[in-house]
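You will see chain A twice below: alongside chain B first, and alongside chain C after that.
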Partner chain A sequence: MYRIFLLFTLCFAKEEYWENLKLDRVSENELKAEFRFGASRENLKNERDFEVFPRILDELIEEYDVKYLLVIMGQGRWKDDKWGRKTQPGAVHGAQVYADFEANSEEGADKKLRFLIEALNGILCTSLSQISLITSPQLEIFKRPKYSTSQQIFRRYGILSRETTCTENLTRLRKLLACRQSGISILLHPSKLYDVLYHASHLIVKKNEKISEMEVGITAVFKNKNPIQGSNWLLSSIFESKLSSSCGIATKSQIEANNQIYDVKNLETSFDIEITSKPISNEAKLVKGWTSQGGSDQQNGILHISLQNGDLDSKLEVSQILPYFVQPRYAKISFKNCQITRKALQTSKNEKSSALLQYEIIIKSGEKCEITIPFDKKILRLDDYPPDANHGMHIPAAVIFVSQKSDSYTIHTNPILVALPVPDFSMPFNVICFVATAFALIFGPLQLYSTMWLAPSPPRSTFWRKINRLILLILIVLCLYAHFMEINLNEVRRGIEQYLEKLNELR
Partner chain B sequence: MRWSLFLLFFFPCTIVAVLNTGLQLRIDELFDTPGHTNNWAVLVDTSKFWFNYRHVSNVLALYHSIKRLGIPDSNIIMMLAEDVPCNPRNPRPGTVYASRAGSNLYGSDVEVDYRGEEVTVENFIRVLTGRHHPATPRSKRLLSDHQSNVLVYLTGHGGDSFMKFQDTEELTNVDLAYAIRTMYEDNRYHEMLVIADSCRSASMFEWIDSPNVLSLSSSLTHEESYSYDIDENIGVYVIDRYTHFTVQFLSKEVKALNSSANMQDYIEACPARKCLSTTGVRKDHYSKDPTRVRVTDFFGSARIFQHLTEEIELDDDFWSG
Partner chain C sequence: MSGWQKIKQIENDGFLFKISFAIVLRSIAFQYSHLFAERVELNSPFYSFNHLNDGVALLEDGFDPYSGNDFNLPPISLYALYFLQKYVPNLLPTLWILMDISTALILSKISGTKTLMPFLFYAFNPISIASCSILSLTIPQNLLIAMIFWAYRLDYSKTVAILIGFWSSFTLYPLLLIFSLIFVANHKISAVFLAILAFFAANLVNFVLNEWSWSFLDSTYQVILNFTNIQPNVGLHWYFFVQVFEHFRTFYTSAFTILYFFMGIPLTLIIRNDKEMHFISILLLITTFFPYPTLNSATICLALLPVLEKYRNYFRYTLLVPTTLITTIALMPVMWHMWIVSSSGNANFFFGATLTYNVALIYLIMDLIFVYSRRQIDVLHGDSIKKQAKFGYSFY
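Let's look at the complex of A and B:
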């Protein structure tokens, strides 16, 4: 018996699955829920049996030599003042992709990543194909593990601000979990999770020599709809479903709430709690950042990035992606109260690639620093405009990696919607039409009568001329008829076709 | 006593079974033998913006019907041009309702393959013709073969001879006809059903000349199509008439895969007094009689197996490839 057991442990790669839900009241009427689901798997060669680790992610890791992959989708705005520090990895409106992977060359890495992004679209139901990626950012963007490998590691990062996140993404993330119908994942009810102030979801895939790991996280900030009645933060009322069955295969399955940890691994009856703890007071001031837009015309604009430090001295690594449709004026970038220790600029390499500005800033406690980036807006080709061109296009949020004495985290500013110069041909068209018509009407007779020699002449109308005039008259009448009856060309064509068909039948 | 009890149970059961089998055989006589083995569907909502809510719910209503009749998510390519469920204007986030008293169509079982700005004429034609970038994932491809029945459903705003995509592009009826011709030449379908639900939609199938294509539309070329129901809470029209009545027909008359409803019933599901427009049908390129074709040949997935009678030798390439 022992031998059989030993055989089993030898055959199967060791896998683990855990789940966690953290509930905190962030203000009087707001509640934050953080879901975390994780799985890990021992890396064994030629071992293709999977128990709790999603096979598709393992295939992704193997196919694209992924070391670290992070996809974050977000919706809504995080209120730093009220809610404290953003859950890490920090999300911003839209989608972000961050990848470290092995490749042979830069070109190979670009190609590999294009395939990886498409594969992610397939796995997560996203539409990230249009994401513009930044190659090898020099400063930190996210907190990530260190790895030792002989191969060359390539790093890519990109934001797609217009990407939306909805039920279909949640469904796909849920499909990666070992416990879909039991355990904490029962609470992932889309109609509740999207009726919130802030929603973020992420997928992390990590691999080192020993183990592969994945984490699915969902964060939502709920608002109490009836503040007069008082807050009723009952688990079953927040998520619209009770925690009725437990996830048996999980090594850890717990809910953190009311400063306690509830183990929900072995549930006998359905589980429900009320979150009664007082809102956490955010006395420690954190680093804040926001972006605003200046400029008044359609050709150029100004991007202001404001950074406000909290209580501790910090080192900030600011990364701002500027997409291809804005052209920064590098010489005119200015700083106010910023002590810059390092700069890394990456201009856009071709017509469609983005530029990246990175600054390392040392900032004392309580100080404020401002970066001003003037830019020109490009006039794009007609095909490059999005379907709703007058809506504008997004400049992604700046990513700020904050490192303090004993701590480091990522915050974001907000994305900026830039109104692009959209050529409108309808007005010039109207003017040209109008002027040309007036010109024809006025100039024609004027020219005619000013140059004509008036002399009486006998009528010389022949038979053919009459026929010609009749045809012209019929054409004009037909045109006017078509115009007033709103007949279009297709209908005329159909009429002629039918007529010809009838002629054919007669023969 | 025991025997009589046994007979009491066994006899009626046998009779019912015999009658059922007989009935099924008789029903089978009414229909032509289907020549397909698998079913595929391409459902496209072409219009952007919140007020085109009804086009999204059209697609979703049909999606749930065909999924109920057995076409799996992997065989359905769904294109939604607007993110309606998580639109900031949606009073009930994460949901889509096709009627006031209906159920949520956007539950956690929905898989959207192309969404937002990915819904372009180029991508639609790529899906039909199967000419993709090599990186395109499997879920975004129409992997049909010469034994597939393909359902193509288009909804949005259209005009005479075109369908508007995203307010910028147009899919003309000539484009559609060429794409279908390419599919025919590449052996990508066995039979095809094209449904266009838009204003003046009969013009969409004017140029289709490939064999075995049955085309339906919500209105004739000179007619408009109309929407059905408004939801005051959502503030917009929630479904179009044609889709509403045809989906209602599917849910009432086609309860399961063995349903005996035929395509002619489907065509007549939305008469002019209900639709307020005359539905268009084009069957001159369709060799079968619609009354002898089951609705489930296109809207369901029966997994019909065909066995070979001759011997086939598989060479080494088959196993290595």
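Let's look at the complex of A and C:
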């Protein structure tokens, strides 16, 4: 019996599943929870049986030749001062997609990516179709793994600030997990996870020659609603559900809290702990960044990116996406207190693709650097506006990759809502008519004078013209008479018909 | 000496004073250039100095200005400004004033001693003064037009042909002027070939300057031919292509382009005996139908009108056209403010002003065609026509 079982395990691809929950108090009344679920799978050809690795992700990898895919959705504001460093990979407000994938050509990559985004919409229940992604071979915010492949690798990156993350995304993320009804995933209770100060979730899919890996992560910062009563950080009350059953197939199932690691793989009874550890003190100051907007009209605007360094000298890689509806005034970009070591700009001929502006800045401890990017706001085609055009459109947050002596991390500024000039949506037909009329105005005389000749006309006899005018006059008088006497024209017609009928009868 | 001649004499005596005054006005305008720098009426992707400056900044940082959609000027302009800014950055305003004044001087030269009107029309036109102060690229263009017209009048066929080809390499629309070449060089076709040759030579220079790459063609000619840039300007096309339905766009794009380049044929058929009239009519067509004009592109055409003095009595819309032009130009900033700044109006307000402005220019072209035909009758049957005679159209 045991031998048969061994035989089975040998011919299946080797798969693994693990789960982890980390709980930290970040301040007196705030608690940070970090869920991580991961799965890996050995890459064997012609092996289509799946135990714990989600089959749908494997199909995604195969179909679109994905090497690395990262989707992050975030909501709320991360307080750098109080909460310390953002959970990595850092989430930006809205949704962020980063993809490395193989394709034959630029067009093939565009097409593939479009389908990939739609597939992601299906898997994660997002609405990312409007995201505009940039080819970014020089994008160095994320560490770039090296791939050995015959085909070309395309890297695309984009942010959609409008996207909000919601319960349905969580439901879909849970569906990717091998243990949905047991283990730590029981704690993923939507009513609690979205009633928070900050919420971020991410999905990472990786593939190399040997294994495929995936990771689902959810981060939330909870706030104590009744600070007077004192904090009650009991596991069951935080998530409103009890950790009662364990996930048997997981190789690792842990909860990190109170500076301890609790193994919850083999639970006999329901598990509950209270988080009593003191708030972690964030003595070391981190790099902070924020964006603000200037300008008062719908013609021009100014983007201010401010960067405040912490205690250590740092090297910052600032990446600002400039969407297609703004035109940066490149000559007027100015820096205050910034030591720029490298600049990069990516633009594209594609009408709706964004530009990516990147700066490498070296900044001393405690210094503040400001980047000012003036831009023109563009008027768009009628079809390109969203239904609520006057709401404006978002310029995504700048992504700042900080590398210091010993470590590195990513932070984000805030997205900016830009009010664009809007055309009048109600009268396209009138505009088309007016402009076409202007063109007709020039066409008329050109046609007339090139085919005909302006000539003095010989005097015509005026007798017939006078007769004509008389007849017209009589007609007008008759009409006016009929109008004022309220004679219905139908009655007149009927009268004539009757008269004609009588004539017929007479014959 | 009659009174009129005396006035002429005084005018000529004060000529130096007038030039100095025009220079002073422009120098003063440079002090207030921030007022005009962002004006939509005086800027367009093909004439804005700011855009050119952005391109130069990109070039200095080692990026390719033509990799995106935002830079539309050819490499010749780009590198010209690049070197000017590198070596004589302080001389730019002086250079621009110099070019503008030379334009006015050439205009006065063209009109001869008879009248100073073209000079006055151009040198004291507030639009050209404001454009000069923001270093608009219409200023070199106007100088080029004045030079072409001067050479055209003097029958320097080769110079005219080369200059027309050169100018066309910037905005493509002036290619229509090759129809005017029929009037110079004894009706030989070689001048047309020379113009086209100059056009391709200029593009070859562009090609070499752009590091042996044709990438600039997409940003310059394609934007002109496909009307892809829809940012507001004083032209006819921008709002149309904002509003038009996606599946009709190709149709209208080709219709407008074909109509424009076809217009030279009937116009040449109509105006066969007067080369100045032909040139000015085509110049007006270029100004009106170029998709990215500024107000200053029209000033030179209007300044050239006094050259057609012999037609003065035949114009029909003498009141309508000038007043419409003045009112619409005055209304444009107001409408723009209402739409963009105070949001109390919508885009139709500004569009209405620009449309009416363009219709006024079109009426002027219509009138030019009419006055030409009307005068031909007087030349042919001047004696037999009574003052009250009626006119009609008849087939040839």
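Following the convention adopted for this analysis, the second predicted complex is superposed on the first by the 404 of 507 C-alpha atoms of A that agree within 3 Å, B and C clash if a C-alpha of one lies under 4 Å from a C-alpha of the other, contacts with A are read in each partner's own complex, and residues count from 1 in each chain.
Convention: a contact is a pair of C-beta atoms (placed from the backbone, for glycine too) under 8 Å apart; a residue touches a chain by one contact, two chains touch by 3 or more.
On a predicted model such as this, the values are computed, not experimentally measured, just so you know.
Participant: Quick check on the superposed pair: does A:S348 touch chain B, chain C, both, or neither? Answer first, second, both or neither.
Facilitator: Second partner only, chain C.
Participant: Using the superposition described at the top, determine whether chain B or chain C touches more residues of chain A.
Facilitator: Result: the larger residue contact count on chain A belongs to C.
Participant: Look at A:R174 in the shared chain and tell me whether it touches chain B only, chain C only, both, or neither; answer first, second, both or neither.
Facilitator: In the superposition, A:R174 touches chain B alone.
Participant: For A:M427, decide between first (touching chain B), second (touching chain C), both and neither.
Facilitator: second
Participant: Regarding the shared-chain residue A:P387, is it in contact with chain B (first), chain C (second), both, or neither?
Facilitator: A:P387: touches chain B, not chain C.
Participant: With the two structures laid over each other on chain A, which partner does A:I261 touch: chain B (first), chain C (second), both, or neither?
Facilitator: A:I261 sits against neither chain B nor chain C.
Participant: After the superposition on A, what does A:E491 contact: first (chain B), second (chain C), both or neither?
Facilitator: A:E491 contacts chain B only, not chain C.
Participant: Which of the two partners, first being chain B and second being chain C, lies in contact with A:N121: first, second, both, or neither?
Facilitator: In the superposition, A:N121 contacts chain B only.
Participant: Identify the overlap between the chain B-contacting and the chain C-contacting residues of chain A.
Facilitator: none
Participant: Residue numbers of chain A touching chain C in their complex, please.
Facilitator: Counting only chain A, the residues touching chain C are 296-300, 327-333, 343, 345, 347-349, 351, 355, 376, 378-383, 421-424, 427-428, 431-432, 434-435, 438-439, 441-457, 459.
Participant: Please name which positions on chain B make contact with chain A in the complex.
Facilitator: 48-49, 83, 85-86, 92-95, 104, 106-118, 133-140, 160-161, 166-169, 203, 221-222
Participant: Under the definition above, what is the set of chain C residues touching chain A in their complex?
Facilitator: Where chain C meets chain A, its residues are 38, 40, 50, 53-58, 61, 63, 67-70, 218, 228, 230-232, 236-246, 256, 259, 263, 266-267, 269-270, 285, 288, 339-341, 343, 346-348, 351, 355, 358-359, 362-363, 365-366, 369-370, 373-374, 376-377, 381, 385, 389-396.
Participant: Which part of chain A faces chain B closely enough to touch in the complex?
Facilitator: 75, 114-115, 117-119, 121-123, 125, 127, 129-130, 162-168, 170-172, 174, 188, 190-196, 385-388, 488, 490-491, 494
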